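Worksheet for the structure shown next.
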Amino acid sequence: MAPPVTRLVGEKLTLDRGGRRVLSDLSFAAQSGVALVVTGANGAGKSTLLRLIAGLLRPVSGRLALEGGDAELSIAQHCHYFGHQDALKNQLSVGENLAFWRDFFGLADAEVFAALDRVGLARLIDLPAAYLSAGQRRRLAFARLLVTRRPIWLLDEPTSALDAASEARLLEIVGEHLDAGGLVVAATHLALPFPRMDALRLGPATIGAAA
Amino acid sequence: MRLIDYANPTRFLGLVAKVLPWLGAVTAATFAVGLWLVFFRAPADYQQGETVKIMYIHVPFAWLSMFCYMTMAGSALGTLVWRHPLADVSAKCAAPIGAAFTFLALATGSLWGKPMWGTWWVWDARLTSVLVLFIMYLGLIALQETIEDPARAAKASAVLTLVGAINIPIIKFSVDWWNTLHQPSSVFRMGGSTIDASMLIPLLIMAVAFSLLFVVVHLMAMRNEILRRRIRTMRMIEAAGAE
Amino acid sequence: MTALLALFLREWRLAVRVGGGALMGALFFLIVVTVVPFGVGPDLNLLSRIGPAILWIGALLATLLSLDRLFQVDRDDGGLDLILMGESPLELVVLVKCLAHWAATGLPLVVASPLLAIFMNMEPIAIGATTLTLLVGTPALTFTGAIGAALTVTLKRGGLLLAILVLPLTVPVMIFGVSSATAVLYGNMPFATPFAILAALGLFAMVLGPLAAAAALRHAGE
């Protein structure tokens, strides 16, 4: 059994996208049990930072380090990424969509039905995903984080397209994850009431540091 | 009662439930008579022997392959011009049946041709035209299956059906031209204008029987399609209700 | 293993369900083969001679045209990001996606080819040989095509470009596929020689295709 993940540290991360310097010399530390809330204007690099941690982008310089966790796995393999896109297939049923991601990520942690129940979609388990509304799709995508246990949750505007009730339910689930010693990095422009949180503000200041 | 009264799908379903058993019985009876005539009354051809009996199913199949397309073209007009709510159900349901009849026309033509030509297939003008028709059916089915929303699928396939209907005579003419260009004398003519009454009557009865079969199957398919769409709507309502 | 099996089943389901387009390839194949006699004429002797080549060209085009969405759908809905974060190596993911695609799209072409061979007036032995070469050769086309699909994954209309990129790479498969089929017809060389090379090309493509496609996909994510 791998030791629990305690800290995720970024040191002097610099990243270019499309010839533009998006992050420069960015350092941060995310603690387990505390949500790291990344804020900043549009284009400040919030999503870029999350994609960087998820291993989808490579920094020009700097490094990411994980304290604790399974040494056999990369940092990305410790992460769940919940971005703008829902990765759902319209032709598959709600249950099939979720079951695929559970099986694909291996080590099933929960039943599909239980996870759907958690996000309030259990009744729709046999319905094709095509029939879901935007908010329901978002919740189904979020249920993916519940079927396989990964310690780091990367949430990109997690509450967009959700109504108040669903938002509360999502925050409750995130809170439970934090209580269990999970790590959360959330990019948002809203003041989301996480139980414990650190702030990381990206903005012209970080960009200016490149000069 | 006018046709428009059956635009209401519920009323249409009621009518289908009433008519279908009778129609099924009439179809079965016509087939019984037709097959009896074909096997026990109709003479064998002096050249082709018993093989000629394939004609009694091949010709009805070929006729229905065209008839189905005309049904679809009529339904397409119904969809585009009169916006009749059942027209696109009719068009959608006729396509697979038409494709099946066309395939059977090709298959029986091929089986019939084997002893005549010594090969399963020749690029005879008629067979080739039917093959092109078959491909058009498959294309229409593919279009209907690809577009998820029934209303949009109906409009798109109605346009394609009508374009196809206009093109069929041109295709037929071109294929004939192409064929005579390459093969001055056709190898084998099917049917022919002179046909004895002893063969013509069983053939006509078989054609009527298969046409009735088409109507029965088409009505059943339309019923299923209406029910399928209702299920789709109910599921969408269910999804919306679970918010 | 569970992950890859789950992926195979999902890809298969997506391909064969309504709108998946699994049979569209076979339909396209039918049309290509049907159109040829309109060009060259209905001479049965000629058609039986060029039959194996026509079937191969039809299968090649049908395979390539069906490949352009292989990775694009996953990229468009964000699934590719998640796949990259999974524990399965991307090379194996590509391999499995190709196998599922072949099972849903390539196999119907192989199954349809004896029927289409009848239109080409081919002899039973030639039909058997062509079907066998297609069975061995179409996976190679899929694996090679996957490279093009991965390279064009970010493009809105990559379909034509994919064909342009991949067609030259498929020349060897085409040559040895058709020559094994015609070797049976003419007996000018043993069937086994070109057929063994065809099988070797298939195995080679099975390694190279996933490796190259995975490399291209990793870069597409950035």
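Annotations
Labels A, B and C are assigned to the chains in the order they are written; within every chain, residues are numbered from 1.
One rule holds in what follows: contacts are C-beta pairs under 8 Å (C-beta built on N, C-alpha and C of every residue); 3 or more make two chains touch, one makes a residue touch a chain.
Because the structure is a prediction, the values reported are computed rather than measured.
Ranked by how close its C-alpha mean sits to the mean of all protein C-alpha atoms, the top chain is C.
Highest C-beta contact pair count among chain pairs: A-C. Annotation: 37 Å between the Cα-based centres of chain A and chain C. For this pair, chain A with chain B, the centres built from the Cα atoms lie 55 Å apart. Inter-chain spacing, taken between the CA centroids of chain B and chain C, is 33 Å.
Across the assembly, chain B contributes residues 148 that each touch 2 or more other chains. Multi-chain contact residues of chain C, defined as those touching 2 or more other chains: 18-19. Against chain A, the residues of chain B that register as touching in their complex are 148, 235-236, 238-240, 242-243.
Residue ranges of chain C in contact with chain B, taken from their complex: 18-19, 21, 23-24, 27, 30-31, 34, 37-38, 41-44, 47, 118-119, 121. Within the complex, the chain A residues that touch chain B are 90, 120-121, 123-124, 127-128, 130-133, 135-136, 163. Residues 2-3, 5-7, 10, 13-14, 17-20, 73-74, 76-79, 81-88, 221-222 of chain C touch chain A in their complex.
Partner chain C is touched in their complex by these residues of chain B: 110, 119-123, 128, 131-132, 135, 138-139, 142, 145-146, 148, 178-179, 181-183.
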